[in-house]
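Residue numbering begins at 1 within each chain, and the chains themselves are lettered A, B, C and D in the order written.
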Amino acid sequence: MKPDPHPGATPIDELVTANRILAREGVIDSFGHVSMRDPADPRRFLLSRSRAPQQVEPRDIMRFALDGSVVGDDAAKPYAERFIHAAIYERRPEVLSVVHTHSPSVVPFTVVSRRMRPIMHMCAPIGSDIPCWDIRHRFGDTNLLVTRLEIGHDLADALGERNVALMRGHGCVVTGRSLREAVFTAVYMEVNAAMLTQALALAEGPEDIVYLSEGEIEAISKGRSSFGIDRAWENWCLRANRPFFAQV
Amino acid sequence: MKPDPHPGATPIDELVTANRILAREGVIDSFGHVSMRDPADPRRFLLSRSRAPQQVEPRDIMRFALDGSVVGDDAAKPYAERFIHAAIYERRPEVLSVVHTHSPSVVPFTVVSRRMRPIMHMCAPIGSDIPCWDIRHRFGDTNLLVTRLEIGHDLADALGERNVALMRGHGCVVTGRSLREAVFTAVYMEVNAAMLTQALALAEGPEDIVYLSEGEIEAISKGRSSFGIDRAWENWCLRANRPFFAQV
Amino acid sequence: MKPDPHPGATPIDELVTANRILAREGVIDSFGHVSMRDPADPRRFLLSRSRAPQQVEPRDIMRFALDGSVVGDDAAKPYAERFIHAAIYERRPEVLSVVHTHSPSVVPFTVVSRRMRPIMHMCAPIGSDIPCWDIRHRFGDTNLLVTRLEIGHDLADALGERNVALMRGHGCVVTGRSLREAVFTAVYMEVNAAMLTQALALAEGPEDIVYLSEGEIEAISKGRSSFGIDRAWENWCLRANRPFFAQV
Amino acid sequence: MKPDPHPGATPIDELVTANRILAREGVIDSFGHVSMRDPADPRRFLLSRSRAPQQVEPRDIMRFALDGSVVGDDAAKPYAERFIHAAIYERRPEVLSVVHTHSPSVVPFTVVSRRMRPIMHMCAPIGSDIPCWDIRHRFGDTNLLVTRLEIGHDLADALGERNVALMRGHGCVVTGRSLREAVFTAVYMEVNAAMLTQALALAEGPEDIVYLSEGEIEAISKGRSSFGIDRAWENWCLRANRPFFAQV
């Protein structure tokens, strides 16, 4: 693992901040969750107990293995859907953070044939090829929850090497090479969904939209730091009444 | 009756909390109301005097019989529409809570032929067969208010055994087997209405929507606790500045 | 004049409260204004100096004659559009309050051929025959402001005996037989505009909307107190951090 | 330069206030920026270091030359896109303030063929001929950022003598003959975009919209003070918890 990039903030503090930011910025309501790979052990990940993200505190953070089992003797009740996180961390070693949301402007895209694609530069990290995973294809009529590792693996297969995937009738999953990056992508995925919905209403037809080109998405991805993830993070911390620690 | 499931909170406290939550989460404005069946006597129900839900306090809670008459010598002015609640409690013994709203994204569905159906798992409790009751069919031109028991019975007939019913040009009624369940369903009915409106705007036509299947709705209904009504309730309590009591 | 219906609150206090409510409830931004006929002299009306309604204080309230001229030696700068109010008070003796807004969901209706009509019971006071006054018809290319009594009279002519009128490319004017009624109608005109816009998006065509019938609008107008203007007023006062005084 | 029109407020205080207002009124999120020409030297302009506008403080304000280079030995990290401001100040001597936003209702207009035009009087300053600059036309696939003076000049060429220009897949740039005017135009450009989007949804077709006429736009521009930029500025200051200084 790389040295802790946030001196002064423990990983648990940063994860609590991520929970509060996602609630404050309207990306999650009482449900949805955010995790990070354990900086001390890449075979573990950190995730709150079953609690609304707006209420998460440091003592709520639990440690899980990559099969979704609780590490240690923590008796708290975990999220039923921790297998979303477990399966992706197992499949994707470079992923250091996973966000799962029911983001309000994103969910409508999960039940229609219209594809989501980025139209604004800030939203380039969602990529132009966003799969929509449907639990029904393999598991039939369920409660739509990813409550077993097997279902998580199916979702991870659909996600592949991409940053994000939609989940039909449910929401989406977002990954990042850091906690801040995953939160950033989750926020701007909601922004893109809302803006694209409005653009489609204005357009003369689906062809009357200028999406970001593949070359633009690549150019943005190469130099993503120039978009100032930390500039947004500082702003979100202060809006959520959380301390901000500058990245090293 | 079952033992009080919320030790530490009186039923009246819980009902006040429900009022505040519905206001805080944008499901009701100055109008609309929420009641619960009296845990001490199933032939009675508890409901605020005529007051905006955001302002309701414990002393505002009144007790009513199932014909809508005030129990005791409470001189406060009751809601004119208490007959919505009375009629449903009379007809449906398993219903322990009723919510009536003018929920902003729900009202438009009451005046068009397009049917509301759930598209997201959290919204499954609204069911796939949602009737739209029109006071005009039986009572002609009125002020649209359910101000008599006879009108309440007509609405209860339209509702039947379902969890929710729309009211044309007015709003909706939501029932629950507990106070928290009714509030949960009312909140996610608004969420579903807003998301479905956006999905229909994105779809190539009304057939281009994947609704929850009957099997999915059934699977979700069987295990509804897995969706964490209490997780949402805790979050909503703290957002509304009300104490939270864990369910037994 | 009738005796003061709000013992404890002076007319000026009530008018300040009306300003704050309209801002708090999102009906006006930095512009728009609300006036009341002077209870002490029906040939006078009370209106703030030129100031954003959210900031209006008792000392900002000025007194005007029905030609829009300032009464007394008040040196404050009046709203340029006080002639909206002056002309309507002159033409309509029963009107005791006038609101002018650029309400966000209402303005779009002023520039299209689609007519606004009420779809929800609370919105019945706007009436089913809402004219759209266009300053251009008589005055040609202007800055669209009602800055002279002559323009105000033209607007008052278009309004006629109705409660509300749209103003093309500008906003609307709302009248009431009391201050609270005018504010109530202005708030629910915005609610109706937003809901009708959503309903039209859901409808299969403009004919697929069930509007309130003439008989329903009449039934509601006759018994409007049953809709609880004071219930809303108390709620809005507390939300805007203003004292509430019960109506006599 | 004219004498300081805001006695009591330094230019830097006013610029901090402008940053806070744009964030508070929802025109910018963590990104976007606002600058003013240095009242002490028209070959210089003032702009925050790279920081979210909601967090900008007086010590964050830097001074730049018209080629985008930092003046003095300020070691803070500047915005990568300061060249937007530099190029416009160089080309347009009468421009005293520049705002760059990713305004949520404006971005959708940058990716469709439908043109934005003003429909409400307050929005007249955006003008009826709003160009949409596309960085791709001259620079091919980029990260869409204006990170060099050459790109800024291309944008300034597209802007020409107008008040505003759209930036494809990115946002917009707004100019003003004063700081307050630029902020005002940026706020009402968002208002117009949101209202026009709704109007187009209501219209029977794109021809069914009454836009402001050229004569109206001209009439409004001539007497813009009558729209009360300072009335809005006072309101926005108090909403953003910033001191207000009356204009001389």
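Convention: contacts are C-beta pairs under 8 Å (C-beta built on N, C-alpha and C of every residue); 3 or more make two chains touch, one makes a residue touch a chain.
Please read these numbers as outputs of a predicted model, since none were measured by experiment.
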Task: Chain-contact steps, minimal, separating chain C from chain A - done: 2
TODO: Provide the labels of all chains in contact with chain A and in contact with chain D.
DONE: none
- [ ] Determine, using the mean of C-alpha atoms as each chain's centre, which chain is farthest from chain D.
- [x] B
Open item on the list: Given that chain C and chain D are copies and touch, would you call their interface same or different according to whether over half of its residue numbers are shared?
Closed with: different
Task: Whole-Å separation of chain centres (CA-atom averages), chain B against chain D - done: 46
Task: Centre distance in Å when chain A and chain B are each reduced to the mean of their C-alpha atoms - done: 32
- [ ] Hunt down the residues of chain B that sit against at least two other chains at once, touch-wise.
- [x] 201
TODO: For this structure, give each pair of chains that are touching.
DONE: A-B, A-D, B-C, C-D
TODO: Note which residues of chain A are touching chain B in the complex, please.
DONE: 29-31, 50-52, 54-55, 80, 102, 104-105, 107-109, 111-114, 134, 136, 140-145, 147, 168-171, 197, 200-201
Task: In the complex, chain D residues that touch chain C - done: 119-122, 191, 194-196, 198-199, 201-204, 208-216, 218-220, 222-223, 226-228, 231-232, 234-236, 238-239
